[in-house]
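Going by the order they are written in, the chains are A, B and C; count residues from 1 in each one.
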């Protein structure tokens, strides 16, 4: 049985027995290469589920939909290691109860989906450990090298050009499982810290603030980068933040459901090379 | 231009150490550059990165953030949290092209009036050499003109 | 016989228009994004695109624009209007869907109050549209009763020639005619055949959709919740739509001085209908999605006699979760009667 058939059968089983009230997965999109999120509630509907190498979106973002888990029932969701880390972070930040989440784990290798064994977030500890050991994306590191080689002025010009495209659609924020604030800082107007207008300055401020609020929380699922309608390489900024917390604090987001947030904790011997 | 450029520097400081140190510099009649505008917070732990962005938006050419030495925080842990925040935010600003030399961090205790005065003087000269933060201020100027469309 | 513009004369035309005081804007690829921007040579134009990612709406209703500069003094307030500068512009290579978007929005901006910011730009712009000979899986102009060669909103229509060497030229309005004046010597008479227009399949029954939306019972239907489950509430579809026009007024500045701005706003945002009291009449994504569809195919039609959709398909093309209005309207079309 292929991975897709296996999970369809499991999903149908869990729904039929009432073990879960909902399965969040992927189904075909408006074109053959697209997959879209689907919400399956009956065993019959489970036939719509698909799982292949095109299923890249991080579906954990739907778990924080207001009221979804408030009835105490369980929800099953298809997740790759990045999504599993998202569950850990959401649980650690007290946004969801990980016991209510049944994970259909998978990973994509050479364009194919393969199963990851486990059902609860805690079953995937070794998967996350392996991900941490593998290090951050070498491709992203290479891409950001080009920027790091530039002078500060050149880098500023680069980001100025990129951020001038931003239209403040907030797709990056909406798709991100970590952006769950009821009122985002940019929507706070007493006081107005960040300019809401989408002129380049406002865009600069918005993107810097969001990157900072994701430092040590981003799992590099790529959702923000893929959703950006104007193709701003957000992945580079979030990667830089992930690298900083790893280098400075040996911190890798989403290791467990009780990992303390990186900026809410400290060590007395934290590095301070730049402080005068 | 015959007059030297006078940088605008904003300093976000904690009450119990750096502000007291600045006060000591004053009462000891130590001279230091008047380019700095001091904003007093209870603790560096209160300092949000928003403040730094706001200062830049309002025309600052340089920003200093300063507080108690680790272990001496009046609120016990505020500066440890601040230190982590600064490490991360500094890397972010540098990555987006905001020069590291313009945003500085220091530990200055209540007894270090001389260190405060010296640091302000050094910082002012450093920023003077760098010049006004034109790249950032340009963004604000553009807003104030007509829409390019 | 008709007027023909050959591709190798395009640079001459651009130069002539520029000498006549126009800036020429065309589809370009810049910084990893396709949009309309000023060009000086035809080589900079990306006319091969089925549709640029951003619309020409941006140039008439910018994502952010200053309205008034103000200074609060002791006894009065100094204010200074910041109208758009005088500028004559040619938009070359517009797609019929984008051009009709402008025509669809005209009645709104001139409804109870003439929006000078829109009309100052609109009245000084000439729209030169190129009919579509290619489309993609997301185009749906034919579904909303438009065509790949609709003339709505355009001043000049260019039809690509079968032989690929240029376009058949047709002036549609006085403004279009006037634009062809400075370049008349670069046009020639010819009988080259135009290439066939793109074949865009009809994807939903818009009459059926409007009928269902007009039925009061449909408003409370569970359909809305089901169809919008995956919507994440970003503003991509609204901001990239040629006809969406909602905006927010924001004052930016400090206690005594600042600039009042008009910024894009989106009905998809949770805060869109948030009242100061904290009450939000549309506090679920499904109610917001319902509003979007009702507005475009019922309310706007009721007020201005036209649907607020030009069928460009960007809403689905760019949606992070593959939504957009096509799927919803197809679902409505397929609802049991």
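Remarks
Everything below uses one rule, namely that contacts are C-beta pairs under 8 Å (C-beta built on N, C-alpha and C of every residue); 3 or more make two chains touch, one makes a residue touch a chain.
Remember, predicted model here, so these are calculated numbers, not experimental data.
Taking the mean Cα position of each chain as its centre, C sits at the greatest distance from subunit B. Which two chains touch most often is answered by the contact tally, and the pair is A-B.
One finds 34 Å separating the Cα centroids of subunit A and subunit B. Rounded to a whole number, the gap between the C-alpha centres of subunit B and subunit C is 45 angstrom.
Within subunit A, contacts with two or more other chains are made by residues 195, 197, 199. The multi-chain contact residues of subunit B, meaning those touching 2 or more other chains, are 143. Residues of subunit C in contact with two or more other chains: 64, 252. Note for the complex: subunit A touches subunit C at residues 29-31, 34-39, 57, 61-62, 161-162, 165, 167-171, 173-175, 183, 187, 192, 195-199, 202, 223, 226-227, 229-231, 233.
Those residues of subunit B that touch subunit A in the complex are listed here as 49-50, 53-54, 57, 70-71, 77, 80-81, 83-100, 104-107, 119, 135-136, 139-140, 142-143. Considering their complex, residues 143-144, 146-147, 149 of subunit B touch subunit C.
Residues of subunit A touching subunit B in their complex: 144, 147-148, 150, 152-160, 185, 193-195, 197, 199-201, 204-205, 207-209, 211-212, 215-216, 237, 240-241, 244-245, 248-249, 262-268, 270-272, 274-276. Those residues of subunit C that touch subunit B in the complex are listed here as 58-60, 62, 64-66, 69, 82-85, 121, 252, 259.
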